[in-house]
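Both complexes shown next keep chain A, but they swap its partner, so chain B is in the first and chain C is in the second.
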Partner chain A sequence: MSPSASTDTPAAPADRPRALRLAKLLLSEYFVLVLCVVYVAAIYPFVPEILTWQVASNILGDMMPLLVVAIGQTFVLIIAGIDLSITAIISMAAVVGASVMTGTNGYLSGSAVAVPAAILAMLAVGVAVGAINGLSVVRLNMPSFIVTLATRMFFAGLAIWYVTFHSTSSSIADLPASFTAFATGSVLGVPYTVALAFAIGVAAHVLLSRTQFGRWVYAVGANPAAARISGVPVGRTIMLTFLISGACASVAAMMYASRMQTGSPIAGENILLDVIGAVVIGGTSLFGGKGKIVWTVFGVLFLLLIDTSMKLLGSSLFMIYIIKGGVILLAATVDTFRHHLLVNR
Partner chain B sequence: MATLLEVEGLTKSFFGVTVLHGVGFSVEKGKALGLVGENGSGKSTSMNILGGIHQPSAGSMRLDGVPYAPASPKEATAAGIAFIHQELNLFPNLTIEENLFIDSFPHRGVLPFINRARIRRQTEELLSQVDLPHRPSTPVSKLSQGERQLVEIAKALSRNARLIIFDEPTTSLTRPEVERLFAIIARLKARGIGIIYISHALEDVMAVCDDITVLRDGHVAGSAARGEIDVQRIIALMVGRSIDAIYPERSVKPKDDVVLSVSGLSQPGVAKDIGFEIRAGEVVGLAGLMGSGRSELARMLFGLDRFARGEIRIDGKPLVDPTPATAMAAGVAFLTEDRRGEGLIMDFTIAENMVLASLPTVAGALGLIDRGRISAVAADMGRAMHLSTTKVDDTLVKHLSGGNQQKVVIGKWLRRRPRLFILDEPTRGIDVGAKQEVYRIVNGLVEAGSAVLLISSEIEELIGLSDRILTISRGELTGSFARGDFDREAIMTAATGLAGATEMRA
Partner chain C sequence: MALTRREFTVATLAGLAATSGMTLAVRAQGTKTIAVLFDGLYSEFWVAGIQIIREDLKKRGFEIMEAISDQDDNKQFEQVRAAIARKVDGIIIVQTDSNAVIPAIKAANDAKIPMVHFNRPPAKTDAFSVAIQADNQKIARDAVTYACEVAKQSGKKHKAAILIGDLGDPNAIQRRDGFEEAVAQFADTIEVVAKIPTEWNADTAFAGLTNALQANPDISFLFTSSDFLIPQIQQALKSADKWHKVGEDGHVIFTGFDGFPDAYALMKDGYMDACGVQNLFYETELAIQAILDLQEGKEVDRLLLDPGFAITQANMEEKAPEMWGYVLWKEKNPG
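What follows is the complex of A and B.
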């Protein structure tokens, strides 16, 4: 009998089936999804609007940029890192992209390639900041918390300064209609944003669960020393997760900019903790080695359900913060409990 | 002498599975009891009951004649029971004195300030009792593994321990440190303290213990005083059968083609002009003390550590600036001495660990990983390794015994069909049965034409398995012995670097 397998306290025989069923539910992949359903059922009598098409599509619209950023964050969290720079990337990418394509003194105002060039510029910003983050972590051995905290401040400030060269107001407006149509248009009834986020989600899921790179990500997160000895290119893997996170933030910047029809240096400024909270609620571990894209999808959904239902109930902003804080704390507690169950399985 | 601890009819079940069946033993005051058995024989459970972590389902214990039934580790400590664990429970970032008094700093009267002078005085006295010539203010991180163990013993003494339990105390010690530990244990015994000594190193058990109790499958398989039993008999009791040949016969001789050739390998402070060759089908043993450069040499060959000068050739092709990836591509495999820290990902399943070093072989269409194939190859390898479980997809390696964990590491590398397998302490901390399995696998490997570099602290193991033994001391090869003239004493002498270098025959 190994000590680790024998440390749990046996439940009384009569309680065991129920305890087991509870344990099984807690350990299930779809635990957070079940939580979402339960939550909607519980809140429905108070806000029946929550199940209307209007509200549901609003939730979906709000969810997409958050989801895309959270997907990128999931990669970084699995390698036991954290990317705090995502909101600064969103701001920077939004203003750089807007400065390229805006009709008022843009670099490529009126040009046919303005929109594609702007999109490339936004992606380039995300990848560049991701590269700075990744190189600092891999080459200089700096903790990702500090690196991304620094790049976050730097680029958040830079984004605001950048706007002063391109606009007299606090953001860059007058974006081409073909770009803003992205937020409103749809294909076969599915909004473009949803289709794009879905595609990114599927790609990320396959990448993590079915490719060699995905296995490397989990291995590096769980034990970098063992991964290195097994021939895993640890540095390159870490680097790639930051590039992915940066690129995902750029995509979110496109979604925000096209929805707000302006390149704002404070776009997405407030979503950082929502993103990290949602990923963790989903079940991805802050200690690395554990996480899934579907978990993240459920986590984002759950957080937005709370957000929306509270708004519908007429709660004030501080109330929403209090409730969200409580839920994230609860999620962390449940995660610890789940971990305990897994260890003693 | 009076009996210190008397354990009778100790029985324990978890979820209806009985893991201890009426185990009984006793420890005399001032004597040492050796507790031996394979992993899973019930040693840990017995000790966990003794330490108050578990409560027995049945049975009784008496300490100094008084019934003893600890409900928590705290009660066990208060009763005078101390554990010296394999993994030491010290805070490396704190000083020796802070470690000793971490749970009960003496205060200055009613004031909440620590009475430094008193701590220092008591610590100095405790350190002199365990022969540790360090100042109380030395940070524990500056101490060697053996010195840290002495701090643990001092900690036990500071709590007036009556019974001290040593769990595999010698695995990470150098030989001189082991000798010093044994001297301290003798001194503890002279003070009337009882000792329980748990180890897989049976020679050590025979050297330290006055009585020996062998556990097997939760039963006492036998008990005897030291004079009435020998190592062969202990092994027979442990495994339930007699092991005639621990080291299996090998049917092939080394071939002529050279697999590994190293020349002029140097790195300041670590390696000095190291050169040797290993042929196909040959096992070369590397003997050296801890810190001699033996593990560092292995790490350089596998591209984990850099070297300043020198050349490594695998099958004649030079390996320039190796990284683990290029070394692996050239056919090198490396089993590290730190199984838990570097060899395995403890939170991964058996199957996930098994394929980690050979992922492209389990990829299907579009390069996507094929989970079905992972299960299949892992199950096959598990059977070939005689793993204890067939549930390779559901079992996390952290739930396996040390021996089975090591089989997973070996299986992971065998999937790559290595030309050169570097084994650094492959049998450390695993039981006799699993050791034999490892030896069998090594033999299979060389019979298939691979070359093996075997690093081990157990000289018997090197002698039993190697075709040739090299000795290393302070980063320099100091001797080479062919199988015909293996001589325990001479190898040890060369490995400690005491004698002049034996003539090289590499």
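What follows is the complex of A and C.
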């Protein structure tokens, strides 16, 4: 053997723990969080504002609606489905809720119950669309991609049409101050939107990791046939994931409508790629059976860090799209390789 | 899997670092910065508008922070907050929705950063900002009145169609109102048979006009709320065998709005009878001056109007040099 061949020998025993630690870090579920920290350190010399309280607060505010929708999407992706209708649910829920509570010819204009009724109406929209999606997948055995694409188109169009009956402009404004305060107010220094998103995140985490329903979700995503034979109510599980996704999109609609002080039929129209991208970047598999809420939180945070830093740099929207698209594509490619490796093992 | 993850990390960071480097190269320090936030560059009007603003600001020694929101109100709000975090000295904004921009105005007010709306005013609000706007109603009324007079002189009755813009845009509403005021004075000559909503979308406009021409084949009077729809109008009229010059049989009396280079070319070639022109150069001057005045603490009115003008077949030679579309057309067609 030549002397140079010695470089191919395994790492010296002293190096092993270090290599092991690095491997552990790379495989850790906190990997994307580490990536966030590294990214902030890398971008800081170019955008020192990224570490100011104001920007951190902006990121937190921008993150919440996206996070809530992404949490719902995580459930659907774990069962190996996809929900493309979330943006249309946001639009539809925003205009329906606004039409109920607006001070200008709203159904309950000026009434004390206007805001609670509007919130219920928004939730009802999300749950109803989720039920249509779920029933179509479970009862009609249709692919979730086609079903949710169809409901997305239908409800996006319906939202615009709905506004024409409720406003002379393209959106519904004059929302009550008690509703718009949801986006600006706080409790004990914690913004309402953050508190609500945190509560939803914790509930979703507990549901997925500590309950029988959570185990069903993973089982259905990993192998629906095996899950059915094992007694898992596959249909009911799929149905519930679409209901959860719809409800989460409704909550995001509340956040957007209160933030923009307007019910707009194009609210959330452009966030679909961000939502699915954030979930996939976090590590949830597009092939189902694998995913965690905490991963989704990190994925959303990472995407928002890229987005915000690029905005601060004054990068064009097209550049931001290209970078985000590239990162999401990389994450999806990694997921595909991982899936093939597991299948071939 | 560890290696793949690492590749992912390295590729991500390398890509981001490269992009950061590129953008850093255009970011200078120590000068005043103006954020220029447009909702899209969907037509020559907006491309020319941002170009004129860019050149004017550079001439005055300002740095520019540009962003396009792609008609996403929430995204634009985030861009305003990023501009505020960058501590810009002023914001020139073109919003999509006049209601949804109000939180952004309030955020700018809180940060004491002057905000000027270029060409589109916000909805009524307590928050303070300055809007630059063409006197759309008057300009549209003047241009359509000329077209109505042409129609009356023909001695025939005319069926009219209007392509209406996005009703969330006050400009679209005012142009529609200007059209209606003009045709109302010629009720004995003009009957409006089609009001076509376009939502400022070329495909929607084409489909709407095609349907209207099929339902009313005798339409002979047309007003478009924006010249950016000219290619679609031309195609629809050609398909209906209605694309003829002034004076030819079957000519549709055609009025445009904005003053695009294409509109000037059609006026020159005799296909368009009149066009309401926004004075883009004047509006840009107003916007930048308003930012400067607000920075100096001077009082500025909430609404600054561009009176604009109507260019017609009768005054074309005299008015063309004031038309921004003519200036751009002349650059492309020297001599």
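The rule is short, and it goes like this: the second predicted complex is superposed on the first by the 309 of 345 C-alpha atoms of A that agree within 3 Å, B and C clash if a C-alpha of one lies under 4 Å from a C-alpha of the other, contacts with A are read in each partner's own complex, and residues count from 1 in each chain.
Heads up, the rule we're going with is that contacts are C-beta pairs under 8 Å (C-beta built on N, C-alpha and C of every residue); 3 or more make two chains touch, one makes a residue touch a chain.
Just so it is clear, the model here is predicted, and its values are computed rather than measured.
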First (chain B), second (chain C), both or neither touched by A:219: first
Which superposed partner A:290 touches (first chain B, second chain C, both, neither): first
Which superposed partner A:231 touches (first chain B, second chain C, both, neither): first
Residues of chain A touched, compared between chain B and chain C (which is higher): C
Touching partner for A:52 - first (chain B), second (chain C), both, neither: second
Touching partner for A:211 - first (chain B), second (chain C), both, neither: first
Residues on chain A lying within both footprints (that of chain B and that of chain C): none
Of all residues in chain A, those that touch chain C in their complex: 22-23, 26-27, 31, 35, 38-39, 42-43, 46-47, 49, 52, 54-55, 58, 62, 160, 168-171, 173, 183, 256, 259-262, 264, 266-270, 306-319, 323, 326-327, 330-331, 334, 337-338, 341
Chain B - residues contacting chain A, complex: 14-15, 17, 19, 39-40, 42, 44-45, 48, 53-54, 302, 304, 324-325, 328, 334, 336, 338, 341-348, 352, 355-357, 359-360, 363, 367-369, 398-401, 412
Contact set on chain C toward chain A in their complex: 1-2, 4-9, 11-13, 15-17, 19-21, 23-24, 26-27, 64-75, 77-79, 81-82, 84-86, 96-100, 102-103, 123, 166-169, 173, 199
Complex contacts: residues of chain A adjacent to chain B: 1-7, 10, 206, 209-212, 214-215, 218-219, 222-223, 225-233, 289-290
